[in-house]
Every structure is written in structure tokens, then in C-alpha cells.
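Naming follows writing order (A, B, C and D), and every chain is counted from residue 1.
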Amino acid sequence: MSGHTEILSLRSVGHSFGGFSVLKNVNFSVPHGSIVGLIGPNGSGKTTLFNVISGYIRHQHGLVAYDGHNMQAESIQARSSAGLVRTFQTPKVFEQMTVLENIMAGACKLTRSGVIEDIFSLPRSRADMRRIFELAEEACLKFGMEKLRHDLALRLPAGQRRVLEIARAVIGRPRLLMLDEPSSGLNTNEIASLRRWIEQLRAEGIAILLVSHDMELMTVADCVHVLYFGEIIASGGMDEIQKNTQVREVYLGA
Amino acid sequence: MNVGLLAQSLLAGITNGLTYALIGIGLAAIFKGSRVPNAMQGEFSVVGAIVVVLLLTGHGWPYWLAILCGGLSGAILGAFIEVAFIRYMIRNAAPEDSYLLLTIGIGLSISAAVLYFFGRESHLLPGFGSDNLYIILDAVVREHVIWLIAISILLTIGLRQFYRTTSVGLKMMAASIDPVGAASIGIDVTLMRTFTFMLGGALGAAAGILITPIIPVDYMIGLQLTLKGFAAAILGGLTNPLGAAIGGLVLGIIEAMAIVGVSSSYKDVITFSLLILIMIAMPQGLLGRAGRTGG
Amino acid sequence: MTAKKTYHGRAPAAFALIVAGVAFLSTPAAAQRSGAEPFKIGVILALTGAGAGLGIPERSGALLAEKIINSKGGVNGTPIQLVIEDDGSNPDGAISKANSLIHREKVSALIGSSQTASTVAIGGLTDPLKMPQVALSGLGPAIERDRKCVLHVAPSQALNAKAILEYASSIGAKKLGALYDSGYGTVVYNELRKLSDAYGIAFVATEKFEISATDTTTQAAKIRAAQPDAIVVVGVTGVPIRSLRQLQMKQTIIAANGLASYETVKSMGDAADNVVFPEFLVGEDPLPHQAEFVKLFHKEYGRFPKILEAVGWDAVHVILAAFKKADVGANNEKVCEAIRSTFKGDMTDYDFSADDLNGIKLSNIVYSKLVAGQFTRLPFQAKEK
Amino acid sequence: MKASRSLVILLSIAVCVALPPFLPRHFVDLLVFAGIYTVAGLGVGLLLGQCGIANLGQIVFYAIGAYATAYLTVYVQAPAMVGFVVGMLISAALALTIGWPILRLTGYFLALATLAMGIVANALFFEWDWLTGGTLGIGGIPKLQIFSFVLDTPLRFYYLVLGVVAICLLLAHNLIRSRTGLALRAMRDSQDAAISLAVNPRALRTRIFILSALLGSVAGSLFAHYGGFANVQSFGIEKSINFLLIPVLGGATSLIGVVVGALFIAVVPELLSQFGGLHQILFGVALIGVVVLMPAGLTGALAEVWRRSAEGARP
């Protein structure tokens, strides 16, 4: 097992759907507080890898270690409680709830009051609720959504939905945030502000795994891995990647 | 456990099983074509049977003509329900569970209407063909039972062929599997859904007519038949008419064996507990494909 | 199920219609008072639901009683008025209707109900008030034994069982089969089991079926395999008798009186043959003291009465006899004592002071036999042991 | 908006407390049944409104509550509270053992599994006559009394039921306003997103299923004491369908909807019964009307009308 410098490490991870192997011998890791990018053409296995790490798919071979622990048997909820939180390609917000309530839902995992305490609204339940409310108010201010906080999430435009999804994930104090195509459906200045958020989260010590097509956004990553037909064919900074001949053939068909 | 008893109970199991299968097939056809769990399927049988009783005893029509009209009445009722309620709710994108509640409401209303207009008596229909009896392995077999077995098998196969070979059947299948795709290639999805309900209604009425010579029909029997039909359809995977037929047969035989083996008062306990187990253990039912945990 | 509520329910005008409809109905018309204050008797019967087969014939008997009594000048000159309510074959309905009859209609006595469940529920209201209640159902759970003001005009299950065994031993049947439902069937069967040794009779095959059974062929096959001398059937539908006959079983069937009605016979179809009922009334060939009631009933309804119609008729007379003895204005306690005595009814003779609360004796039982769908009276007379 | 809402609540409480003494006795009797149905319907409403589960098996827990009270108070002469508690314990245990596997299912199959559970229970109530008295049932259940004050009239019992309903609504309100309520609503809007935030849907649904069973059991015990009698005829399948109709007719997402739905189920058939045979048809048609025309139930439609008028009023 490698030392504790990495929040996430994958060792020869493989997975196949009915004979067709989607992931073949994937190795890479995400150091604490760093931004790691993952790019690759459609069908390269990005989404499968994303689902394997977040626990939606039980991978067949290899080891996925989070913070030094083997994640094979961990449920999605357990990984989320441990600080490994994913987001979705199209942001899945709780539409019939307000922005504030959406963010409060993200903070539930920090509290412990059970159903019994909630029913009789015992002191611990009320204290937890107040704490969740305050954390959510702070997050609204921090993410610049305080004016919208009583609007139903249903009415938010795509950009705001993405920010809400990130705010909701961050309030739970994750240690590794996984972003799946975060820039899809956003306009240029929304992407610029997204970039600022990513850098600010890294400054707060949150490691980020960024899966995207958006080359421009990918420049924010410390290290980028290129996935092609289930294998990592190149790794390194964004500038090296763009000069790598193999990547150019695959990507740009030069 | 002498042979005669076993043969007789097996025969009773098959006869009841095919009854549940016929209700189950109608249910599966409607669910397959419209995603609506039809909690009033049993009322199609009641209406079909009562129409035949009225035409036969009331107006003295020939038996085959009365049967034809009975089947037709089921189809017309099915069409009416689709046009009057289902179409409106689909246009309003009503939530999934309200269709189950709608059909429960329709079921209650029809059974109350049958009570109000036709009273409480139960009616019997004469058996198909002659009334003589045959002794097989010391088990008494009415000729009507043979007709019932033959016709229900015929209906099941006929239904499969209908979906596979006829153009309307193929269009109905396409509209049920992928409404948007079907619409894009010019299939009138709404019309196909009306046909689905007519088909389900006719099958339900046919089931009613086939079982009335054995089980007297009255206004209360609808819910009983619907429950057994659901059990059969779920055993078969709910979206597969052939699965529902086999599910019904299996259910009938389990019931008969439960009576012979354990005791007749625990029949419902055994069959419905088994149903719950199968729903949990085998989400796709015995033969079905549609995943159940997807919801 | 993640059904998202994205539909947009319009604010339909229909909503106002339904609310208005409910509001309009909520003020029931006040009962008008006409002429001399009539002697009001509350009647709660199962007119809808599973027990309607009992309630409706009972009602016809009671209504006939009201008509005849009023045509003869009512009770000491005051006409009687039956206020009839439907409990829908369940105890919840019975409670609400009883409350309304006792407190709104201010009835002097209650007749009801057709089934044990509702009878006991109503008893919970009449017993504390010591209001006389005549139940049309047989004696039910233990609690009914210490409700002194509730009378049962229907025979107790023990008597039914004894009557069945009397006839079975009279035709020399030693091995009996039994096909009984999970309702009264079980109660009568338990009594049969207790008494069968005394008659030297053994039950070789006993099969139960649930009340709503639509088919009992398998159970009938199990009974056929045991080749009993005769078969006892206890239930409320003709289904078991048809199943037995469909399996070509020729033995005599002895059926409990719950099945002795023209309606059930019709639903049996051609199986209604060689079936014996220990009951109380054969319209086609009534006992001398029943002739007048049969004639009146036939004149009124154009058909013969059976046990249920007779029970409805007798219930009204029992109450009137008690109030006559304790004069109409008497308070409830006095009427209760008066009611606890013998009464010669048209259906049978009662002794309400007996411990089974109706005192019907074996000798009162009239045996009838179905011959090709027609009731015929058997000469057989059971003797009190 | 907040002020007018609490005003409406206070007003309705005042009406519920002050009005009944002036109503005819049989109407109070209907209100008692409406109260009992509210408690049972609240259980079904929480499952339907918060978790989207259609529970057609509530009658099983209602019957367990009634039989526990009947058996313990009549045969064992135990105090009434023992009946309530034992009923709740058995119901909770059954809800856990049956609930956990059943809640793997979704949609129609879950609803039909609960219906099948109701059928099995009904057959067993007939069969185990040593426990439930079978067809004859158990009679002579003592009247409830608080210290020495015996609740033998509908009016007195009404105030007890009103108290129980108020407590249950308050507890449900706490639940919905609490952290669990938040997780439930999140789960209903997007289960995947809720899972990614460490919400465990199946565990949460099982807890609410047990809570619903407890409410059903309390309602059953109250019914047994009020009717003084527990018989299998009161626990048929059609009662299960009625319990599911309560939140559907009233509006599953609001607590007031459950109260309105219970009133509809308890009072309307009674009012319609003046039309003799027609009343069952009218009840079926009324049900279809609500399900088709008012997907959000009566209160949903009312809220819609209220919101639309409020919107219209705003400049």
C-alpha cells in the first residue's frame, strides 16, 4: 500500500460488461488537496471509471483505495460519509425543495439525530437542525446564492444548478470531490466562475477529481490522465499532454 | 394419497389455474401496452359474463352469439375507460400510483353498478358442448373443463401470434416498448393504447364467460378474480402474457396441492405468501424481463 | 419510486361541485311527528355487503309483521313504526346506526342484527341502557351470555349441531364427511366434534374452505376418497354442494339451515337434490300453527317464507309481547324481565329464560329435504334426549 | 403568510373542541371514526407523501392493535395501556421483519405485496380462532377510562381521539420539519442525489414503515375500545383500500390532507347511504373524480385555488 500522501489510489483496476472489457489495468492516484483531471474521447470508459470510484459499480479486478482503505465492500453511502462525494453530469437537484433546503440536505450527514429524536423533537434534534440551518446559510453566502435561497430549485438555470450541486456536496466537508463534466451546458462566464470555485476548494484542502471534455477548464488540473479504450495512455501536466504525439493521434486525428 | 384424489385435485388446480391465467393475460396485455396496473380486470369478467347471462336467459339469443356480444362488451368497456380516463391522465402526466387508484375506483363503481342494476343473485351459464362427464384416472371431468383448457391455451397462443405477426399487434408492441420511438415512425400511440385496453377487456370478458359455467358470477366476485389475476401475472413477470398464463397455471396447481397436502384453510396463506416471496426473490418473476427494482 | 410531481393539476370547477354536494347532503331531514306518538322499534339489518342474503329476507318478514299488527290496531291502540337501517354487513356501520336509532329516533327497542359481529357491537350500546334487543343471529361469543337483555331468535350453533347428528344417526350414518366454511362452519363444526361421540358417529374426512371460496372441488375430492356414509355441509353459498355433486357423490347431504333459502337452492342449479335441512319452516307444507303466517306471507310477496323471513316476523312479535306484558310506557329494566319468558312464535316456541338464551328445543326442528330443487317436509321428528 | 397560517390552525382547533357538544350524537360517532381513521391514515399518508410508497397493508397493523387490546383486556384482564403497548410492539416487529424485504420492491409491486400481506393476515385471523375468536370475534372489551373518568359516550371518547390525533399530527409535523423529513423529501425528489449525500433510502423507508405500523396499531386499539368488540369482519381488504384512499383523497403531501381524507371516508358514505343502493356507485365515482381531476387530492386542489387567488391578488 502506498503511503498516505494520496487520498485516492487505483491499482490495476479492470471491469467488463458481458465480455467487453471497458476498463483494462487502470493505475493512477490523487494526492491530498490536488486537482487531478481525467480526459478521453466518448466510449473511453470515463463514466464507468467514475461510477466504479463512487461505488455505483462493483469493479471486478484491481484495488480502489480511498485514504488508505480498500473500498471494494463499501456502499455509496459509506464512501460519502467518509468524504468521497460525487456529482452528476446533469445536476440532480431536489426540485420541489428550496435552494436553502437543498444545501441543508447535504449537511445531514454531519448530524446524528435519529427518527425517534426527530419525532419528539428532542434537544439534540433541534440543535442538529439549527446547526444544519446555520451551515447552509453560510454556504449560501459563500456561493453567492443568498438572494435565491428561498426559491424552488426547480426554477434555477443550469449554471446555478451546478453551483448548488457543488455547494450541497461541499457543505458535507468532503475530502475528495468528484466532478463529472461540470462545464457541460454552461456559458463562458459561468465556466469562469466554476473555475474560480474549483481553485478555491483546492485552497481549502479539498482534493478534486475532474472528468471533462473541456480542454480549457482542464488547465486548472495539476495532473491530467488520458484514458483511451479503458487504458491510461498518457499522464502529466496539460501542456505536456497537448504535445504528446499519441494523444494528438487519438484526439486530434493529426 | 390415492391416485383418484391426486388426479382430481390436479385437474381442479389446472382448471382454476387457467382461470387465473386468463385474467392474468388480460392484465399483462394492458400493463405491457400502457404501464397501467389494471385493478379492475376482474370486473371485465363480471360484465362479460352478465351480458351473456342477460342475452341468453333474458332474450333467448343463441349461445355463440351471446358469447360474441359478451366479449365485445368487454372490449367496448376497455375502450371507454382508456378514452374517458387514461388518455386525460396521461396528457396530464399524472403520477404512477394514481393509475392503480383510478382502476380501484373504477372497479368499485362497476361492481356497485352491477349490484344496483342486476341485484345480488349469482348466475350460472350452461357448459360449452354437451353436459356429459368423462372419468379419467378415477377423476370426474366435465366436458366444459376440456373446452376451457383448450380455449385458454388457444387464446394464449393466439395472443402471442397476434403480437408477433399481425401489423396491428406489432404496432401495439412497438408503442408499448418505446412510445416516443413508435410515434416518431408514424404509429398512432394513443390509438394503440385504446386497442390495448380493448384487447385486455375482451380477454377479461372471455375469461368471465369461460369460468361462469363452473363458478357462479355475482357482483362481488370481480375483486377476487383481479387478485388471483395479479398473482398469476406477477408470477409471470407482469409484462409478459405468456408468463402470466404459466404463472396462473402454477398458482392453480400450488393451490390444489396446498389443499391436498396441508389443509384447505391455509390455501390463501400459502399461495399469497409464496407470491410475496417470489416478488422479492425473483424480481423478474418466473419468465419476465422487466426489472422490478427499477421502479 | 421517484415519480416526480411535475404534473400541473388544474383548479377544476368539479372540485366546487363535490364540496357543494357534500354540504347539501349533510343536513338529513328531521323526522316528522305524525298523529298519535307511534311505538318505535329500531331495526338494524345487513342489507348490503356479504350478509345481504340474510338481511333482506329478514326485512320482508319484519315489514309484514308491522303491516299486519298495525292493521289489527297496533299495540294497545298505538300503531308501531319500524325504523330500518342498513349496517352494510360490518360492525362499524352497526355502531353508528345504533347510536342514531337510540338517541335520535328515540326507539323503545332494537331488532338487529343479521350477523354476530354487528349484534355484539350493538349489544355494547343496548346492554348498559338495558334496552331490549332481539338479535337475528345465533348466540355468539361468551360476552353474550351475560347480556341479559339481548335475545337470540335464531337457534344456537349447539342446537344446529345436535339436529344434524340426530338425523345422521336416524339414517344409520356412522362415518360422516364434513365440508364447512371458515365462518359459521367452524363454529358449528366445533360443536359437531364435541357431540359426535355421544351419537357414536365418527368424522372420517373434514375439510374447511374460506367464506369467499369460488371453488371447493379439491376439498370435495378429499371427502370422496374417504367414502363417508353421509356428508355434512355448513356454509352460506351453494358452492360446496355443487362441488360434491359434480364429483358424482350420491350420499345424502345434511346442510345447516343457513343454506335453506330459495336463493341458495337456485345457485346450486341441478345439484339441489337429496339435501336434508334441519330447519323450522317448509312453506309448501307448513305445520298447523305456521299455516296462517305462510298464507299471509304468500299473499303479500307471492312466494313462500323460510327461516329468515320467519325470524324477522317473530322478532317483532317478541318485542310487542314483552311490552304488552310490561305495558308500553314501562322503563327498560321492567321490559327486560318481561321479555325473559316463554313465547309461542310462528317459527318455533322460545323460552328466553333458558341458559342458551332462546330455549328452542330439538322437537321444534322441522326437517326438510330437497327433491329436484323443491323443498319437501320430512316426517322425521328429533326427540329431546 | 405565517400569521394567517397559525390563525387558521387555532381556528380549526377551536372548532374541533367547541362544536361537537352541539352536534347530534350519531354525527359525533362519525367524527370519532374520522379521528380513528386519521390516525391510521396518517401512517399511510407519511409513507405515500414522504416516501411515495402505496401501502395497502395498513389493515394488518390496525387489526393487530385491535386484537391485542381485545385479547389482553378480556382474557387477561390487563389494563388498557398494556393492550396498546403490546399491539404496538407486535406491529413494529412485524413491520420490521416483513418491511425490510418488501421495501426492496418499488411502485405497483410494493403496493400489491402489501395487499397480499393483508390477504394472508385476513385468512390467519379466521384460522387462529384461539387468539382472535375467529368468526365470533372477541366481545366485551372494557370502556377506556382515564383514572376514574369512564369514556362511555361518543362525545367523551371523541375528545380522547381528538387528543390522540393532535399528538400524532404534532409528532408527524416534527418529523417532516426535522432532519429526517429533509432526507425523506430529498429521497423523493431524486433518490440518486440523496444517496450521494449518504442518505440510506431503504433504512429510512423501513423506519417510516414501522412508524406507519405503530399508528395503525394505535388506531386499531382505539377502535376496539370504542366498539367494545373486535371481529375479523372489520378487518377486510376493502378497509385496506379505504386507508390508502385517505391520503390520496385528502392530498398525501400535507398533514391536513390526511384529516380531510379521513373525514371524507368516514362521513361521505354515511351521508350518501340515504340514496340506498346508489351510494356505493356515488362513492366509486367520487373516488374517480378526485383521482383524475385532482391529482394532488382535495387539499392540493384547495391549495392550488388559494395560491391562484393569492397570485391573482398580487399586483
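Rule of thumb we're sticking to: contacts are C-beta pairs under 8 Å (C-beta built on N, C-alpha and C of every residue); 3 or more make two chains touch, one makes a residue touch a chain.
Because the structure is predicted, anything quoted here is derived from the model rather than measured.
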Report summary line: Per-chain Cα centroid nearest the overall protein Cα centroid belongs to chain D
Query raised in the report: Among the chains, which is located farthest from chain C on the basis of C-alpha centroids?
Result: A
Report summary line: Between chain C and chain D, the Cα-mean centres are separated in Å by 33
Query raised in the report: Between chain A and chain D, what is the gap in Å from one C-alpha centre to the other?
Result: 42
Query raised in the report: Which integer distance in Å separates the CA centroid of chain A from that of chain C?
Result: 72
Report task. Averaged over CA atoms, how far is the centre of chain A from the centre of chain B? Could you give it in whole Å? Result -> 50
Query - Contacts with two or more other chains, residues of chain D listed in rising order - result: 52, 106-107, 123, 126-127, 188-190, 277, 280, 295
**Report entry** Per-residue overlap in chain A, given as positions that touch at least 2 other chains
**Finding:** 95-96
Query raised in the report: When you check chain C against every other chain, which residues touch at least two of them?
Result: 1-7, 9, 48, 50, 182, 210
Query raised in the report: Inside the complex, what are the residues of chain D that reach chain C?
Result: 24-26, 29-30, 33, 52-53, 74, 106-107, 110, 123, 126-127, 129, 133-140, 152, 154, 188-191, 223, 226-229, 231, 233-234, 236, 253, 267-268, 270-274, 277, 280, 286, 289-290, 293-296, 298, 300-302, 304-305, 308
Report summary line: Listed in rising order, the residues of chain C that touch chain D in the complex are 1-5, 7, 9-12, 14-15, 18, 22, 25-26, 28, 48, 50, 86, 88-92, 95-97, 99-100, 103-104, 115-117, 120-121, 123-124, 128, 140-144, 182-184, 186-187, 210-211
Report summary line: Note: in the complex, chain A contacts chain D through residues 54, 76-78, 80-81, 85-88, 92-97, 101-102, 104-106, 108-109, 111, 113-115, 118-121, 125, 128-129, 132, 165, 168-169, 172
Query raised in the report: Tell me, which parts of chain D touch chain B in their complex?
Result: 48, 52, 54, 101-102, 104-109, 111-113, 115-117, 119-120, 123-124, 126-127, 237, 241, 244-245, 248, 277-278, 280-281, 283-285, 287-288, 291-292, 295
**Report entry** Residue ranges of chain D touching chain A (in the complex, touch as defined)
**Finding:** 171-172, 174-175, 177-183, 185-186, 188-190, 192-200, 204, 207-208, 211
